[in-house]
Amino acid sequence: MTAQLFLEQTLNGLQQGVTLFLLAAGLTLVFGVMHLINLAHGTLYMVGAYVAATVTQISGNFLWGVIAAVAAAGLTGAAIEIIALRRLYDRGHLDQVLATFGVIMFFNELVKVLWGPQALFLSPPAILSGTVEVIPGVPYPAYRLLIIGVGLAVALAVRQLITGTRTGMLIRAGATDREMVGALGVAVNRLFTRVFAIGAMLAGLAGAMAGPLLAIEVGMGEHILILTFVVVIIGGIGSVRGALVGALLVGLVDTYGRAFLPVVLRGVLSPTAADGIGASLSSIAIYVLMAAVLIWRPRGLFQAYG
Amino acid sequence: MTEPILEVSGLTKFFGAVAASDVLTFAVERGSIHGLIGPNGAGKSTTIAQLSGELRPDAGRIRFAGTDISAWPVHRRAHAGLQRSYQITSLFPDFTAAENVALAVQARQGHSFRFLAPAREIPSLREPALAVLGRLGLAAKADVPASRLGHGEQRQLELAMVLATRPKMLLLDEPTAGMSRTESRRMMGILRPLKGKVTILLVEHDMDVVFALADAITVLVKGKAIITGPPADVRANENVRRAYLGNY
Amino acid sequence: MSAPPRRKQVVNLTGLLVLLALPPAAFALGEPFLISVATRIVIAALAALSLDLILGFGGMVSFGHAAFLGIGAYVVGILAHHDVESTLIPFLPGAWHGSAAALVQWPLAVLAAALFALLTGALCLRTSGVYFIMVTLAFAQMLYHFFVSLPAYGGHDGINLWQRSMVPGVDLSKDWVFYYVCLFILLAALAVFSRIVNSRFGMVLQGCKQNEARLAALGIATGRYKLAAYTLAGAIAGLAGALTANQTEFVGPSLMHWSRSGEILVMLILGGIGTLYGAVAGAATFLALEEILTSLTEHWMLFLGPILVFVVLFARRGIYGWLVGPESGDD
């Protein structure tokens, strides 16, 4: 029984982890190549979720929703990059933070205007609404398994992109030596827009995939953005491998904390006190993890570029 | 022979497979001007950075004024009197020349947890600062922001800051870099009188400057000291000639 | 060090007179609600001022400033809560009752915020640059989630206060009295901070912003100065939080929502960083803009967002820099 519960929570943790990875990979690439800190990355996740919900509803097909979400997030990302962020690469991080904060304000409000303030809900496609017995006696929602699969597939694809393509070579070069990329005679602007759009599409994919699991509402982007920051701090900025390890760590620690900390505390405290304090403590578990990494390795577990 | 003020033994630093310092060993006599020369990429600047504590060596020990400082952080070494200048001038660009130097005086005086008295009006900061600026010929520029000084003046200002800490030893990384002949000669005029008062480890590209000033010279090639000795010996050394000629 | 900044004095004096004359003017105009707007401005200015110390002078871009406000506010809220309920404060050694006295609440708010700043600052300052921004943001979010999931103090809904803090002989429940108390605190903080930034400590702090490696190479252990400044900023922001709790008579996690940290940052940039007075100008502008835009449209963020991007891209010196002209400022 406990082993089954543990396995189930592990899968939940992995599912949360790969969702975070989709966001963290884009964020860390954009930082590694452009040295840009983009608070509006969570906005693209939100755009993905909203577009997926709407298109799925209209077309009646979740797959179309996902495709539209990825396209919409990619286009929105490219537009933000071309209109505003491009002017910020040479500025300090403070300017980048403020301008992208302004972008968040704008899009959050725009979404309220277009979709209204109520949360949207999206159901997983019918064929995936059942459960699968991963291990005999442990039924697990098929849709969540799909997310884990897609996340890991994307991780492999990103790895292939970085190690096996010309864009990837430029990304690696850009992360270690920016001037060199310019010196290679590459159209840096186009590389930047491309990298930004790739990051945006991954965020949109994450939003679309996570859509059926949560309430789609304004503010969802920033909530996950800060979790993504924790992932990137733990993994090391600019490192995709670090983003994957950090994301899985954060996903697992968060899930285990919520599931098991109150249970553990019940051994010491009264049930109500244990639940209350357990909830509070488990909500900060990942930040404690982050603090521990900062003490041990202030620049994260992995170096860019790895 | 007096005891050396700085003893470097077995200093080793690799970047991947490239040796910046390869079991580097040499010593600097107290009060001398000691040249550190070598072809490009010989590891001169990385040696300075390891001595100042900004770069952590893979192995080796550094003794300064009789103490092992290998594990000390940058500020502690500097506070003990081992000060440095940078190949690319490093100043506080928004502060005036006088404020730059006064901050150096402040560093010498101990902690700066003093919150209320206006620092610019404290005579024990401003007066020594102006005195040093005067000595280096920058008195007229005292109230000009550092960013608006000319290149040569900025390099002099950095030296003024470093001297205002009353160092025991200076690590100078190409003090005449980017200077005109005239400015370069003025810099030599500033450095020469320091001989006997402050020990100087001088990294320099301009051989005329090194051979004119140095009491002893260490030649660095691929992170190794191939010779340490008086200028005349170094000039005559066959290995040195080969190292330079082989590289250019 | 520069030419006599006469225009700066005129601007500052005008600002001071406006702030002093505001309550009587509001009564004369028959618009007493202006006093509560002005109080919000003064408290926000105090928070932005504390951020200016570390950001404008120390170069530390903290995106977690709302955490300190939240702590200050919660200290007031928790003490008031236990005072009203006559219960003991849990998890503290010894038996402590709550208190309604400002002289107990406010110093404890300052202390608690300073302590949190000291602990998180020691960790945050192991990093720099973009890491620092993200880490400060993350720690603030940690605190937000902590209070959201803490049912003992209302969780999401927070704590409603019965009354404002008690000060012997001063009736803070009168809005105009409370306004002047807040204004007095802001002016005192301005006076102290303008001494600090030009003191020896302040020169080291400014040096950290301009060229930290140089300071270390001169023999100054920069870390402890930055941590001291961070702690001091946290303490003052905690005081601003205690005042916020009094102003709204409510304490909740929303006070330390990440967007609050963003707003404080925006106010400071809008007003002009590294000027101290810019914090006041920025808070006034931001909140006035908010009042005006909300009265025009429900979707005022749709306009504020682009305004912000515009300010960042094109108006670097901020409102205060624009007011006092190019040749002022002694920093």
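So that you can tell them apart, the chains are marked A, B and C in the order they are listed, and the count of residues begins at 1 in each.
Convention: a residue touches a chain if its C-beta (ideal position, glycine included) is under 8 Å from a C-beta of that chain, and two chains touch if they have at least 3 such contacts.
Please read these numbers as outputs of a predicted model, since none were measured by experiment.
**Student:** Per-chain C-alpha centres versus the global one: which chain is nearest?
**Tutor:** Centre-most chain by C-alpha means: C.
**Student:** Report back the single chain whose CA centre is most distant from the CA centre of chain B.
**Tutor:** Between chain B and every other chain, the largest centroid distance is to A.
**Student:** Calculate how many whole Å lie between the centre of chain A and the centre of chain B, each centre taken as the average of the chain's C-alpha atoms.
**Tutor:** 48
**Student:** Starting from the mean Cα coordinates of chain B and chain C, work out the distance between those two points in Å.
**Tutor:** Measuring from centre to centre gives 43 Å for this pair.
**Student:** Roughly how far is chain A from chain C, centre to centre by C-alpha average, rounded to an integer in Å?
**Tutor:** 31
**Student:** Looking at the complex, which residues from chain C come into contact with chain B?
**Tutor:** Of all residues in chain C, those touching chain B are 1, 195-196, 198-204, 206-207, 210-211, 213-222, 225, 228, 331.
**Student:** How about chain A: which of its residues touch chain C in the complex?
**Tutor:** 31, 35, 37, 84, 87-88, 91, 93-95, 97-99, 101-110, 112-113, 222, 226, 229-230, 232-233, 237, 276, 279-280, 282-284, 287, 290-291, 294-295, 298-299
**Student:** Contact residues on chain C for chain A in the complex?
**Tutor:** Per the stated touch rule, the residues are 55, 61, 63, 123-124, 126-127, 129-131, 133-135, 137-139, 141-142, 145-146, 148-152, 258-259, 262, 265-266, 269, 299-302, 304-309, 311-313.
**Student:** Where on chain B does chain C make contact in their complex?
**Tutor:** On the chain B side, the touching residues are 52, 54, 73-76, 78-79, 83-84, 86, 90-96, 99, 102-104, 106-108, 112-120, 122, 125, 143, 161-162, 165.
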